[in-house]
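What follows is a structure written as structure tokens; I'll ask about it next.
Chain lettering (A, B, C and D) follows the sequence in which the chains are written, and residue indices restart at 1 in each chain.
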Amino acid sequence: MNRPLPLGWLLAAVILVVVPAALWLFGSAYAARLAQLVLITALLAAALNLLIGTAGLLSLDTVVYYGFGAYLTAILSTNYGTTLPTEILAAAAAGALLGGLIGWPLVRLASIFFAVATMGLATIFHTTVLNWVDLTRGPMGYRGIPAFKLGEFTIDGWAGNYYVIAVVVLGGVWIVHRLTHSYYGNAMRAAREDEDCARAMGLSPHALKLQAYAVHASLMSVAGALYAHANNFLSPDNFVLLESGLTLTAVVVGGLGSLPGAFIGALVVVLVPELLRPLGNLRAFGFGMILFLSILFLPRGLWSEVSSLAFVRRHLFREGWLKR
Amino acid sequence: MFDSFVAGQLAIGASVGLTYALVAIGFTLIYRVLSAVNFAHGEVYTLGAFATLVAVTTLKAPPLAAVPLVIVVGLAAGLGIERVAFRPFRRFTDEASLKSRAVREATLLSSLALGIVGREAMDQVWHGQWLAIPQDKMLNQPVNLGGVMLSAGELAIAGLSLVLLVGLQWLLLRTRVGLEIRAVSSNLVGAQFSGIDINRVVLATFAVGSILGALAGMVVSLAYGSIQSSMGLTVVLKAFVAMVIGGLTSIPGAVVAGVLIGVAEGAASLWVASAWTEMVAYVLLIFTLIFFPRGLFRRRGA
Amino acid sequence: MLKTLAVLAAVLFAAAAQAQAQTLKFGCYIPLTGPVAQYGKSMLNGFNMALKDFEATGKLKGAKVVIQCEDDQNRADDGINIARKFVEDKDVLAVLGSWASTVTLAAAPIYNTAKIVNMTPISSHPDVTKLGPYVFRQSIIQTAEGAANAEYLMKLGVKRLAMIGLPNDYGKANIALTRKAYEAKGGTVVFEEFIRPDAQDFRATLQKAMRENPDTIYMGLFAPQGSLVAKQARQMGIKIPIYGAAALDSRDFLKLAGDAAEGVRMLLVYNPSTGPKMAEFFKRYEQQFGAPPEPFAANAYLTFTMMLDMVATQMPKVNRESIREGLDKMRDLDTIAGPLKYDPATREWNFRFFPGLIEKGSFNVVK
Amino acid sequence: MNLLSVESLDLRFGDRNVLSGISLAVPANGLVAILGRNGVGKTTLLRTISGLYRPAAGRIAFDGESIGGLPPHKVVARGIAQAPEGRQLFADLSVEENLRAGARGMNQAAYRRERDRLRAMFPILDERSTQLAGSLSGGEQQMLCIARALMARPRLLLLDEPSLGLAPKMVARVFEKIDAIRAGGVAVLLVEQNARLALMHADHAYVLDQGRMVLEGPARALIADERVVAAYLGGA
């Protein structure tokens, strides 16, 4: 893998300069809202990518940590008037702690067992936020979450919101990038490919997976903190299993193990349903079709499309071991 | 008084658990052969329910006469799902790709997507409405079984579970196609060298599994009477959990686990409000996995 | 090339001519896909029928009315996205929706901040109209229904009530407010439980309820779950009366519950027997859509008709602010549901409830 | 006429030429060996003949008819069975079931006849008939693997490394069986690392290196060939 450093700068430039400039030119709060959702989803996808792409754990528990961070922030900022740095740190730390505690028994599980267990976590989380009314205000949702606060300043308006989210998301993605392109990332990949071999190399697959799991939980929790403020409203319905599925879709459509792919995948899962609104009651049908066709024709996701073409060419035509 | 109440709760739980078990049978069969999760199975179940509805309302057939139609619908759905969501990802006969992670993940998502498409298509046809099996066609006659009151529907669900389970074991253990299914699920590469036509076996598996799924939809809809296009969604998740608790590849294991989940839900409802029992299956799942990381009833050698 | 230009010019000209006639555009956000899509589709029917009826009255004076309905999938997030979109569409004068209170409660604050009217014909959570001066409602509200339920239950002589509800914003508010009013009148609630909306076997809950010896079961449920509860209660040999929330007034309930629906009581708002106007509406709706209206359709019809009538009086100077003022000034209205009153203090319309009973497969008002 | 003839076979995995210009022939009732180091393409060649890979160019003919590109089960149906590398048994099926899975298109009586014939040939399979294949020892598994292939009543048996991982005594037993199979009228194409042993049993042998045939000749001649001795027999 070539080091995509220039690509990283390009991405940062697009997110910090080009997109806000375009938003400013066209002055659309609707587009700004979608841009914010894309960024938050991208952080979720990057965190999930760390788990799937590097540690090889297929997980459906996005909503657990995302929702945890969101409710934590909602409760903190509404009741204690906390500011942004506190909230981000709290979400990151509490997310990592929760991830560590839950991950300890879970990451030992093999492939599908792990996936189903995380699916269970998602349902358990949803049932809890729905029914623990005293803490989460239950089905009525958590309304009136204040805007971002940085010290004395309250950040409102779409531009401020956008920049706060963009900076935090880029920071989170940078952490994922550093982790995957380091000795640590290689160790995790080694543990993914062959646990016994990794053990022989003196690595502990369990510890590596647990760390990846905790980091992913922490990042998702931070994404949740951003979401709570960006939305000003939380409802248990935001944290159903289906939403985990959307993040997984973003990862798959964008390309497994690819960080630019996380942004592209997030773009697709946030924008496509919006663009399909004119379809009315055929909307979900259309989304299903697009999802299906993209899995069928882009088995490696959008961002890896270049390498995926090479893959297809190699495997289907020149190599000639296509059976039918 | 209290005891009969507890027994009642557990019995209701077991009867609910049997519906999970019934769906889990076909679901597990398909998983066993391909190591791939067929999320569109829930939609096959729903299709089975709609086929029943069409049979008893439009065609005015007695409930039992719906069976052939339900079987045909299940067969067509199974073959369709295999062709559209699974076959395209088995492009290579190389062992590395046949059951590889990539293929498993791709088919997991492709079947999920196909499930959404199927569900929404049914939504268009039946306008997303809740539809009712006419009361005179429902299996709701009370049956007195030595003092215990059961409905005919519950007996039908229990009976069908048993028949399907035994029938499937017979098919797997006593027929040529069953042997080939077990051979493919045991060793795909070996099966190719033994001259087994993989595509035929996979198609047969989907056909059988989906017929079972559609029959499950039929009996459950006849017992409960309400049908809607998204009814398969929750059931397939419960079947999935039952399959995993049961050890992934063991069909009797999945059935036992399905009933176990139902009973656990019934037991939990003694202590907590029903709204919380949604998580019982999953708590059970996670605890099972912590103490039995490969499920309760793992087949030997697998 | 020349031909293309000519066609283009003709199109532009036509568009310009169109623009000269006033266009009144309304937004609407309702669930059109997903498990509750049928309720959104009912609302859509009501809106479309209101529009058609209104066009026939000739009050429009050449203006064109457009209603743009977006699918919120019953998700709060989608409701917010749609709100951002409508707020920016300068042509959208006011917005109708949503179905679920959860979605309305999430999206309405955005309309309120942007000073555009959001009027819901359905969401009955007490907090909706408290969100701000731009958020209106024209539907029954849970507090009023709770009080009316309590009165009806007392009239029926119910002493010990077992309550079963949906664990969502609707069900929780419905149960809590009915319970409060009922207990205030001296009734005893002996059992309260929220069920799982996606389950289809509720016998465990029923068995628990029956252990407390209630003399009536109250269902704060919609037709899909309510019908199963009623059916399973009868199947289990439970003979005590069943009383339902007003949301059970739906043909779905009759169809799904079958014989078990017989004798179930609830409050009715929309019933052809309540007046000639309502009877006429039922007849015309059935002609148009092939089935009698659900309350959601009727309420959507009522609300949009009122909105259009009010806007017609302001023509041609209609804008977002004038709509808020117009709605705020209303006090009395003659509707298909009879004369309605608006209370500026609570900002709610007083809908009339009629004690109802299901007999011989239809909803009847008890005299 | 040769039973199997492979002419100028090319196979590519992506950009890599795995096999190029392979030609070989197996006469009816012959025992032909393919020799070579690890990773030169011997197993790939056998798998290509069995139909698991589709050749990029060249011709594979069995009994005069082209079988290149046929799916594996059709190749077996034509009469080519393989006892593959790593045995690929159905580990959680019984020995009996493994044999039954290998049988093709025969009725119950024919099946029993065939099974009993093989049980006579491999008595250990008779004793272990109800055991799970995965619980057998390495040598027993190899016997079962060969027997499963023979259940298809092939005219040509492809054997991939039958001696791999077996004790010397067991290796000798396996090769006895190979001779017996051949004596029963089945041609054998054998891939073997143990070149000396293979050459002692084969009539004809090919030497494969880097995906190409580098040498061929009667086994007797090759065993005396200095190049072969130096490259393959010295260290064996």
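Quick note on the criterion: a residue touches a chain if its C-beta (ideal position, glycine included) is under 8 Å from a C-beta of that chain, and two chains touch if they have at least 3 such contacts.
This structure is a prediction, so every number in the text was calculated from the model and none was measured.
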{"item": "Farthest-lying chain, centroid of Cα atoms versus that of subunit A", "value": "D"}
{"item": "Busiest interface, counted in C-beta pairs", "value": "A-B"}
{"item": "For subunit A paired with subunit C, centre-to-centre distance based on mean C-alpha positions, whole Å", "value": "36"}
{"item": "Geometric centre distance via CA averages, subunit D-subunit C, whole Å", "value": "75"}
{"item": "Subunit A-subunit D separation of Cα centroids, rounded to whole Å", "value": "51"}
{"item": "Distance between chain centroids, defined by C-alpha means - subunit A, subunit B (Å)", "value": "31"}
{"item": "Residue numbers of subunit D (touch at least two other chains)", "value": "52-53, 71"}
{"item": "In subunit C, residues with contacts to at least two other chains", "value": "33-34, 37, 41, 167, 194"}
{"item": "Subunit B residues counted as touching two or more neighbouring chains", "value": "93-94, 120, 123, 128, 273, 275, 278"}
{"item": "Contact set on subunit C toward subunit B in their complex", "value": "33-35, 37-38, 41, 167, 193-196, 198-205, 207-208, 211, 223-224, 227-228, 231, 235-237, 252, 255-256, 258-259"}
{"item": "Partner subunit C, residues of subunit B touching it in the complex", "value": "5, 8-9, 12-13, 15-16, 19, 120, 123, 127-132, 134-135, 140, 142, 149, 151, 220, 224-226, 228, 230-231, 233-234, 265-266, 269, 273-275, 277-278"}
{"item": "Residues of subunit A that touch subunit C when the two form their complex", "value": "28-30, 33-34, 37, 130-131, 133, 138-141, 143, 231-233, 235, 237-238, 273-274, 277, 280-285"}
{"item": "Residues on subunit B engaged by subunit A in the complex (per definition of touch)", "value": "35, 37, 85, 88-89, 91-94, 101-102, 104-106, 109-110, 112-117, 119-121, 123-124, 128, 237, 240-241, 244, 248, 273, 275-276, 278-279, 281-283, 285-286, 289-290, 293-295"}
{"item": "Subunit D-touching residues of subunit B, taken from the complex the two chains share", "value": "93-94, 179-180, 182-183, 186-187, 189-198, 299-302"}
